[in-house]
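Every chain is named by a letter (A, B, C and D) in the order it is written, and numbering of its residues begins at 1.
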Amino acid sequence: MSAVADITSLEAQARRWRDDFPLLEQKVHGHDLAYLDSAATTQKPESVISVLGKYYREENANIHRGVYALSQKATHAYEQSRKKVADFIGAKSFKEVVFVRGTTEAINLVAQSFGRVFLKEGDEILVSAMEHHSNIVPWQLVTEQTGAVLRVIPMTENGDLDQDAYAKLLSAKTKLVALCHVSNAIGTVNPIKDMIAQAHAFDVPVLIDGAQGVPHTKIDVQDLDCDFYAFSGHKMYGPTGVGVLYAKEEYLERMSPYQGGGDMILSVTFEKTTYNEIPYKFEAGTPNISGVIGLGAAIDYVSQIGMDRIASYEASLMGLAVEKLRDVDGLRFIGEPKQRAGALSFILEGIHPHDLGTILDMEGVAIRTGHHCAQPVMTFFAIPASARASFGLYNNEADIDALVSGLAKAKEVFKR
Amino acid sequence: MSAVADITSLEAQARRWRDDFPLLEQKVHGHDLAYLDSAATTQKPESVISVLGKYYREENANIHRGVYALSQKATHAYEQSRKKVADFIGAKSFKEVVFVRGTTEAINLVAQSFGRVFLKEGDEILVSAMEHHSNIVPWQLVTEQTGAVLRVIPMTENGDLDQDAYAKLLSAKTKLVALCHVSNAIGTVNPIKDMIAQAHAFDVPVLIDGAQGVPHTKIDVQDLDCDFYAFSGHKMYGPTGVGVLYAKEEYLERMSPYQGGGDMILSVTFEKTTYNEIPYKFEAGTPNISGVIGLGAAIDYVSQIGMDRIASYEASLMGLAVEKLRDVDGLRFIGEPKQRAGALSFILEGIHPHDLGTILDMEGVAIRTGHHCAQPVMTFFAIPASARASFGLYNNEADIDALVSGLAKAKEVFKR
Amino acid sequence: MNELQELYQQLILDHNANPRHYGRLAECTHSAEGHNPLCGDQIFLELKIEDSCVSQVAFSGEGCAICKASSSLMTERLAGKSVSECKELFTLFHALATGEEDAAQDSAALGKLVVFSGVREFPMRVKCATLCWHTLMAAFENKNEVAVTE
Amino acid sequence: MNELQELYQQLILDHNANPRHYGRLAECTHSAEGHNPLCGDQIFLELKIEDSCVSQVAFSGEGCAICKASSSLMTERLAGKSVSECKELFTLFHALATGEEDAAQDSAALGKLVVFSGVREFPMRVKCATLCWHTLMAAFENKNEVAVTE
């Protein structure tokens, strides 16, 4: 019952945080909204939303190329966000922070720009059995282009990666390991620091898909020593359409450009084009300026609360959720990993997840049902789909209770 | 003086439009802001700005994969924007509308996804001498990858494309023509309908870089019969980080996917991945949802005024600007094309454009100075940089007067 | 609760729990696969068509209650019908499920299938009810494509 | 107008109109190219260094008034200075232009170069003033890289 004790002491502060999120005040089908789909996208605090409006009402201009005051302000705000990101994840320099659309684009960028330079026929890329499609398909595309081969780190029944198998898969042929920090489908927290060290023993760089890592835990890329770390703004209280690729300077310098266009060049003639310095070499065209500035505001928001406090609050909440759901008859967890963050997945006997999703929605409870863009995980557990509840810093015990009573309601509907 | 007569009759309505743009109310260095850099990015009407806030406060959820009410609302709003875009540019179907970050990404997408399938060694791609870097560098990258060759349609002294040379460049070797609708550097409106027809006579598809076309003229892609049309939201009163690739269905169907990840797949296993239908095949990962919805609001905004009215008002304004600038001693237009829209470029004898930019800024006049991401145009006119004034529907005679008197001020500063 | 009861009517729950015509045919002339990527519904439909009439039909696969019940009730309904009658039913059913037209007047023709009128209140579930019908149309054309509802 | 006059002082306008040491050297021991992609400023710097001292210096290229005047005033200043003195001047000038430190106390050492103190009010123009100095540092190292200010 320690989880319950913790939660009560934390409940008060969480209630204050929740007030920062205007969307959560709405009623859905006459019920208070219990938003339990933060792994898909988080809600946004008022401070992030209003910075977007302020940007367009007071500061909007294109960046990097204007001498006038407005463009200068916009450029400053944009580059300040880059510094905030660098500080937030512990990067050595702002040069290691490339702004992209989201995790998916970050991984595609690495697959292409690293792949073209570093991969050749017969080389191996290791991914894990619990990856999101965004950390599978870009590698499949690059293997088609280069003749490199995709190998898969298997998963155990409880939803952890098989570390013995991983150790055996690493070899001189391995050219990259691409791995999620936290699984979006089942919530597993992978021992990435350890796995990175093992890969480095073979001189193999490691890309971490941090889409579900950054929102839930303090990241220090230098401590982790990862070579690439990718994440999405919209999953960490920031706007849609912006994300980050962190990459070590040595790799960015050696990688080929990704997209060509304005801002990523030093000089262009039809005969010869010289590329700009990093990180600009990888940011072609007008970026999502307001999105980047909004991401900066999101970082300000979570930093002010403190990632450690967020992590410990969410851990208590997760403990409570597991406790309460374990008591639900006919509920089976999909994956019970050693360490879990952000999301938990389950199925309810006799009720398809999709039907569950509809019934819960009628009760004001928003969860995700389906394959969560991780079909191989579904195949592994031999289910067509699962129900997933995932948490943000604004969730509380009432949300979990709404979920539990929604499940009871679903059973009622199906037992008529 | 007909331009002046026109303008006075239009001035009143323009004043009403201008009130829709909150940023334009600001003072810069104690002067009213004369924002003459819309070719870099336009300001946004209040209706676009507030739709972003409304989205995040009331509707935010990830799209396409949720059964709950909120996700349904967000999906609906996102897909409604796609329909608005299709209607706005006269596409046959929403399937021909792919959302991207901007013009630059749209062109890179075509270069890679069309290029991988349709280009081989010795094939020729035609671009023009007045292209933005975004319509040069992606093709340079793809020629490196495929062995295809870039050929350049030359320009005449006045800044029009050399149509005779174009006719001679087209051949059986040509696999694609990539051409701007309107030049961002000198404002030339190209006779694209005609040039497309000529290319089609050789069965050559044509990509139009419409970044500077869409904001200034009504587009009908079926009437133009272009195969690809690319544009940016932020240059047509919409948010940053969103743009559109229009492409004929037959090409989208045959092109290889661009980025891999969530949403662009039907099914994934480690052995085999099946791609989703168009346009989703080209939209990997969570898109810029709020950006897309904001673009829809921008389309609503300009449609309500009417693109034809905007075009004719801007034409009068341009006429007036040319008239007044012609009277400025020592001013030389860079390019005097037959038809000009949106932007005009000039230099002032004895004053570097960059110094001009700073002095004008102190007078509240925001223009762009530099190479405008079109270095080959600067090289052609043998100048290191130019000053560019560009217009939006909110500009008026007062803005032009502020520019003219700013030029006088610059001369004063330099004549001391 | 009313809308939910309307959606999950007893008949639907019953066909979900005990689907009719579930399985494979020994021999079939037409078949197709249907897939709803949103929720992972996936069904296989097999038909034996003789003299332009559906003489035998079976479905298999995985799906939510709406999808399974719709498949079950559809297959129950098809046996003996001519292909053109089936196509008319498709049109009626589609109108019913999407609520695009007032299908009430055709309730006689639809028979038991009106039980699905509740889905129109649940836009994200319409595809669950219509998946089997789209798959049927694909089977008639014997295209080797997967019918997709998204 | 005050800030503008501060930026475009008579001395700057004069050196812009009549740049000193403009051209190429017949022979040089060190050289570098500097480039500011923002406005297209591009300068070439050539040095003859003998006994660790700058004996000759010349610049050429295209640039705005600030860039040209700064190059002109810099080259005027360098002749006869030792490499290490030049490096000290770079540090002082950089501090002056960026306004990061109060450079007033070093105005004696900077001499005429204090004329550029006005640029600190124009962040986008700081690079115009410092481009030639960055190029000088690159020339000392004789790296074959282009010095870039962005």
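One rule holds for everything that comes next: a contact is a pair of C-beta atoms (placed from the backbone, for glycine too) under 8 Å apart; a residue touches a chain by one contact, two chains touch by 3 or more.
No experiment lies behind these values; they were computed from the predicted model shown.
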When A-C and A-D are ranked by contacting C-beta pairs, first place goes to A-C
In terms of CA centroids, furthest away from subunit D sits chain C
Rounded to the nearest Å, the gap separating the Cα centres of subunit B and subunit D is 38
Between subunit C and subunit D, the Cα-mean centres are separated in Å by 78
Rounded to the nearest Å, the gap separating the Cα centres of subunit A and subunit D is 47
Where subunit C touches two or more other chains simultaneously, the residues are 38-39, 124-125
Multi-partner residues in subunit B (2 or more other chains touched) are 65-67, 71, 267, 354, 357-358, 369-370
The answer for subunit A against subunit C in the complex is residues 351-355, 357-359, 362, 369-371, 378, 384-385, 413-414, 416
Note: in the complex, subunit D contacts subunit B through residues 3-5, 7-8, 10, 13, 38-42, 62-66, 122, 124-125, 128
Subunit C partner, complex, touching residues on subunit B are 64-67, 71-72, 76, 266-267, 276-277, 280
Within the complex, subunit A is touched by subunit D residues 35, 37-39, 123-125, 146, 148, 150
In their shared complex, subunit B is touched by residues of subunit A numbered 22-23, 26, 28-29, 33, 35, 37, 40-41, 43-44, 48-50, 52-53, 56-62, 65-71, 101-105, 107-108, 111, 132-134, 136-141, 150, 152, 232, 234, 239-242, 257, 259-265, 267-270, 273, 284-291, 354, 357-358, 360-361, 365-370, 373, 375-376, 379
